[in-house]
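Alright, structures below, take your time with them.
In what comes next, subunit A is part of two complexes: it sits with subunit B in the first one and with subunit C in the second one.
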Partner chain A sequence: MRKTIAVLFVLLLGTMFLAGCWNSRELRNLAIVVGIGIDKIPNSEQYRVSFQIVNPHGASEGKARGSSSGEAPHIVYTSVDYSIFSALRKTTQKVPRQLFFAHAQLLVIGEALAKEGIQELFDFYERSHELRLNTSVAIARGTSAESVLKVLTPLTTSDATAISSRLKITSEIWAHNVDQDISSIIKQLAGGGEPAISGVRIVDSNSTPTSNLELKGIALLSKGKLAGWMDGRTARGAVWALNQMKSTNVNLDCGEMKNGISIEVIRSSTKVRAHVVEGKPAFTIKVKEEGSLSEARCSIDPGSKEAMLKLQQQLADETKQEIELAVQAAQAKKSDSFNLWAELKRTQPKLWERIQKEWPDIFAGCEVKVEVEAFIRRTGMRGKTFTQPQD
Partner chain B sequence: MFFNNSNRSRSTLDEHKGDTQAAQAPKQIAASLESNIAYIVQMLGDSPDIVIRRFEIGADKRQVAAIYTDGITDKQTVSQFILQSLMSDDSFDPAPGQSLLDYVLARTLAISEICAKSDWDGILLALLSGDTIIFIEGCTDALCGDTKGGEQRAVTEPSTQVVVRGPKEAFTESIGTNVALVRRKIKSPNIRLEAYKIGSITQTNVAIMYLEGKADPSCVKTIRDRIHRLSVETLEGSEHLEELLSDQRKTAFPTIMNTERPDMVTRNLLDGRITIFIDGTPFTLIAPFTFFKGLISAEDYYQRPESAFAVQALRYAALIIALFGPSIYIAAITFHQEMIPTPLLLSLASQRESVPFPAFLEAFLMEVTFEVIREAGIRMPRAIGQAVSIVGALVLGQAAVEAGIISSAMVIVVALTGISSFANPSYNLATTIRIIRFTMMVAAAIFGFYGIAIFSIFLIGHMCGLQSLGIPYMSIRYPYVPEEERYTLYGLRLGAGGTHAQGQAAPQSSEAPGKTTDGSDP
Partner chain C sequence: MSKSSAISPTQLFAMIILFEFGTALVLPIGLTSAQNSWLSILLAMPAGMIFYWLLMYLHRRYPALILSAYIRQIVGPYIGLPIGLMYGIYFMYISARNLREAGDLLITTSYDQTPIVIVHAAMIATVIYIVHKGVQVLFRLGEIYIIFIIALGLLSDMAVLLSGTIEIRDLLPIWGEGVGPTLRSAYPNIFLFPFAEVITFATVLPHLKQNQAAGKIGMLAILASSVMLSMTHAIEVSVIGKDMYSRSTFPLFTAITTVEVAEFVERLDALVILALIIGVFFKMTMYAYAATSIVADVFRIKEMKQMAYPIGSTIFLVSIMSAWSFPEHGAEGTKSFTTIQPIFLIYIPVLLFVVQLVRQKFSRPSS
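Now for the complex of A and B:
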């Protein structure tokens, strides 16, 4: 008897560490979903949900065993229903296999839906045991999510993986976009701020099906609704303010020559401080960055201290300007995309309690100071540029 | 030889013959030469390989017969030191009161090992072991002279436990040679050798050897008691004895180790283990044996400790692969697709598109195929063996993938598992692991990783319950000598730093004096 209990106990103990699906599913009976797109049907409460499914025949990278190479690497199935889950189940009428969501890497939200609000989309993601919260999110800019998913991209098996890997790479080394996953979006929406979501658009849409996709800008949301876009330097300012800057390239003027010098930012950290000035919240964004001289198309002497100090000042000014642009853009749309609320809640919980309700309006009016410290550490593998006479 | 007439030897001949011939069988030999010869001829069924040489000795022409078994005696010794010395000496001059037998024993026979016997059991056993029996008319004792010999395999290189650097000798089928090979390496007076005869029919010579002062007396006692309790008719070899002496019968794991290398025996004796020699097999048994010892190869002692440690780590990895490889593949691909990285999953999915079998069946088919090729390869003549492995690898592997019956990932998994199981230095442990692997695959196919985890828990529980001569099977280090631990790296000697506290047993091994001070688990 005691032995039976001991055995049962061991068996049950195992379940604690081994939670998961127990059904056995053969791989060839699964339709692997890599991307999900959600659009709103105009003038209706229904969603159009698109699933991008990898076609294992087309995606086969190994030796093709008599498979027709002409097959598309991925297929998009679409269903219309009132909830995402019912649309998902409805799709089984069209797909010959069981949909498998654990590898969904991308969620694309149609621009029309984003304008109406994205808040209600994510409950299903949190509730489902199959979907992952580390899925990257992008907003289809100027188009529908379905058409983004239907684009065939070169170099990868599916454009969902293409977009998510692009998001990861470009937000790390070019920093004009952010790679937000669902869990951080939910955190923002549940807190008080707005998530910063990158946009993706179809370039060159005439030449389908081999048209291409491009990440473009960062969405500004106001109360969960798409209010506008930040692009270029403004978008980079937003990345800086969000402390997500890993590396980028800043062009600086060099004497007479506009944008004559490129500085590669190699390290950057941002700290936000919240204060209370006359009962109203105010913020200081402090940036400390390091860069190296990566390209000089004009005469500059990396050996001279004055020149380098001047360059550092230029870099700091440029950074400050970009962050200010981003803050102004966000304040204009009453969209706290920079997590400022979180810092305020942390340091002034009582004040936050009071103003929580009208935070977007207060944010629009509060004072944000930007302080930048910039250092240029290296000048590359060369001294003066070769077009300059050596003296 | 020490196996000959030792009072320690355990004769069970009585029990064997007891029922059939007890009625007419005399216990002692008679004084009449003719009746003795007639008795031997009758007992051994007039066997043609029993040679009976009659002759006369001394001035009074006393009738004498020398009897030996052809083939297992050294004929030259018989003719030179028995027949010649007895027949050439005519001036027999026994002292007053000295019997002729005593005189012959003391003065005539130039045989190093000889004794007088009067019981038939002992005489027959000696005759069938290769001794020459000398009957003298009128004497109620017979002389048994050691003339064992005949054709025997020479000491050769080990064929199953090969090392790159280290001694190149292996045990032979002769127990005497084997004991001598070990004696040559340890010249310590503390070596203890105990001889037994096991099997009422085969009367197989068995000897246990240990180092007094190092070996655990309780282990020695255990093994002695178990040998005494044995009552078998035959002993077929070391595997049989291993099974008979094991602590547990209901386990797939070997709890006694075997080796054909004298240096391994030496090392284990010095570590306090007990060696069992069995006549007729080059494989000696070593006990107590712990699981982790099974992953140590003789080679480890002939390499630098650092590299030996690295290789050992590799062997542990190979053990894990050999045990879990196909099960993890089955579990991941049929239950836990979400844990496979996306690019790998896509690649696997495209490979498995055309495979008509479930993953478990696919894995099972390939594993069985591999085992068949392995099994066939063992007994195949060397020239054909090559061809079979090529056909097996190419035709079954490549063609099955090309035909879309098996996915290429499965071939990789099976090949890796197969190779890994051969990285295990102890062959019988590797076989056990292979058997368990199939059970593990079934567990994985039914319950996924949950099944693997549960089965592993039971497996480890079972292994922890095992014992070898009363020593827990899963002991990390046996025997554990704390003060020596700092000279070792995971059980391997570091430099020549160790000085042994128990100096009594320090042998003067010419081969590697430093090594003998290492008392930790090899």
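Now for the complex of A and C:
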């Protein structure tokens, strides 16, 4: 009997210690950070780090703005310090809750900082166990990261989530941007190439706070420093060269009519081959793409094989031109944003070892051939256009 | 040995797999060739099997004796006793190292506010309890947990595959740095850790129920565990890349954090932590058990379980005091590959084997 009581006592004692975690954190004491922005203070070694935090009251209304509570769906806090981590801790002087980073989805880098170099920014992301390596990254174009994060976006509760979801969607169906995450940026910077990072800018900035954000272009970096931007067709060429093309729309000329035909590219794959020509590396970028006719403002007859073959050739030529534009832009800035180094390292490890140090210069003078094979498989719900050819 | 402490072949199989996984699943192994660690594992496997065969050979000669006891039989009590005792100390040290690895992973990944003493104390208390209960409880537990480990492995592999973060091309070029580094990380590094560590099983083999099956079962377990280990490390490299793999303190953890399936299945870190805790628990318990049984054998203590508390507390203290930081702990481990590990895992076993062969040859005419 005595023994039973003793055992029971010990067990009950145990429950006292087992009831909670040592490391427990209560939800009501956390401030959930969804986006982080980093800027450089001019003429100083310090960073201005901004944290976009979800406002549980503003966000729970279901609608972003105009909710009856009148509270903003998100709040931005900023701190200035020499390291990202100390800025983060300093922010606790302003935030009533503990910052929680496991849901941070976006990192915005200010353009001024990007020009000075982004290399030193990512160590904290690697070392921390709370931040995620699959966080999307964008460069604030022509503005600071702080002002990008402060923009209130329609249709969502937080603009950090809005940018990262936009990055995903537009990269997949319009393909003028790339959705680059931190782990692949680190892979590039550690390996010898340059990461391709999308730009984000504020449009309509005089009507704040209802201004909107827009993804614009892909940054070209040289030695980790922002060197230029690729836009429009050049940017799409870069997406093609990176083998990240999923779907896009290509406009083709239809006889006299400029951009009269829209082709929806529905599938595309890019293969890069590295070879050695007279001791120097050279590359072939091979693209195989499939598309379908999605809009024709002039009259064409898909029934005729000739017309279709001509269209296919036009599509292939256009793709080739775009990729060449991108390659030229990158070579002009000595910025291997297309992962060519990785292919060289895989296939010619010995050569790579030798030229690794001067790679940016060698890349700028490399011969890059582009070969494109295009197929137009379908024409949508109709064959012929209802307008008749006018000749 | 008493019938009550018999181990079945299935239990042996499960235990060897859990033991080989231990920390090798989560930590970077091989050291010299990061990209080819998966290949190095497969290259080191044959030697691991030969080593196991050697242990089985010695076990067949002395089926009722544990490691320290047959060392005394082979080389005589005057040399055998100190060697046996040294094995006991060595096993305690490795057990402490395992505990430290588990503790540091838990603290860096999730329990950043918790003192290491608390984490270690919670684990060592369980270890002491199991060692106190005896070998059969340990092996039965292994039989249950092998299912957990395999389920966890399948689940995380599926998640990684579905999330599409695998870049098989990151494994290429296979011979980019030449054959040298790959072989060097296989021999001696991966052969020593984890393959040659099966020497701890020399302290439980006398408890086996069916002696004949032990050889085949052990080989199968080594084959299965090395294939699974190799696969896991290949996936790690192909997910996070060679550079990040070689800089990571816990590459499997980093690899699993990149998993994101349909924006829904994310943050599977808990699976890795669970796998590590299970693996480390069995590995360190196995070491603690081996140390306890050797100390009990050397000092002729009848009730082995009396030794569970002192050995457990020593492991606990050593785990905290042996290194002031995790990098130092790692450096100590690297150093041990060229210093103490080969002595206990290669030189002494091979020496025992040779002496045994010679003695058999010369004793035959007299018998």
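The criterion applied here is as follows: the second predicted complex is superposed on the first by the 358 of 391 C-alpha atoms of A that agree within 3 Å, B and C clash if a C-alpha of one lies under 4 Å from a C-alpha of the other, contacts with A are read in each partner's own complex, and residues count from 1 in each chain.
One rule holds for everything that comes next: a residue touches a chain if its C-beta (ideal position, glycine included) is under 8 Å from a C-beta of that chain, and two chains touch if they have at least 3 such contacts.
In this text, all values refer to a predicted model and were calculated from it rather than measured experimentally.
**Q** Applying the touch criterion given at the start, work out whether A:Ile5 contacts subunit B, subunit C, both or neither, answering first, second, both or neither.
**A** Once the two structures are laid over each other on A, A:Ile5 reaches no partner at all.
**Q** Touching A:Ser183, do we find subunit B (first), subunit C (second), both, or neither?
**A** second
**Q** Looking at the overlay, does A:Met381 come into contact with subunit B only (first), subunit C only (second), both, or neither?
**A** A:Met381 sits against neither subunit B nor subunit C.
**Q** One more residue to check, A:Val277. First (subunit B), second (subunit C), both or neither?
**A** In the superposed model, A:Val277 contacts neither subunit B nor subunit C.
**Q** Please work out whether A:Ala102 is in contact with subunit B alone, subunit C alone, both, or neither, and reply first, second, both or neither.
**A** Both partners, subunit B and subunit C.
**Q** In this superposition, which partner touches a larger number of subunit A residues, subunit B or subunit C?
**A** More residues of subunit A are touched by B.
**Q** According to the stated criteria, A:Leu133 is in contact with first (subunit B), second (subunit C), both, or neither; which is it?
**A** In the superposed model, A:Leu133 contacts subunit C only, not subunit B.
**Q** One more residue to check, A:Pro349. First (subunit B), second (subunit C), both or neither?
**A** second
**Q** What is the shared patch of subunit A, the residues that subunit B and subunit C both contact?
**A** The answer is residues 22-23, 102, 132 of subunit A.
**Q** Using the touch definition from the top, list the residues of subunit A that touch subunit C in their complex.
**A** 22-23, 102, 126, 129, 132-134, 183, 186-187, 190-191, 342, 345-347, 349
**Q** What part of subunit B is in contact with subunit A in the complex they form?
**A** 333-338, 342, 345-355, 358-359, 402, 404, 408, 445, 447-450, 453-454, 457
**Q** How about subunit C: which of its residues touch subunit A in the complex?
**A** Counting only subunit C, the residues touching subunit A are 108-114, 118, 169, 172-173, 176-177, 240-241, 243-244, 247, 254, 257-258, 260, 267.
**Q** In their complex, what parts of subunit A are in touch with subunit B?
**A** Checking each residue of subunit A against subunit B gives 10-11, 14-15, 17-18, 20-28, 30, 32, 34, 54, 56-57, 59-63, 65, 67, 100, 102-103, 105, 130, 132, 157, 161.
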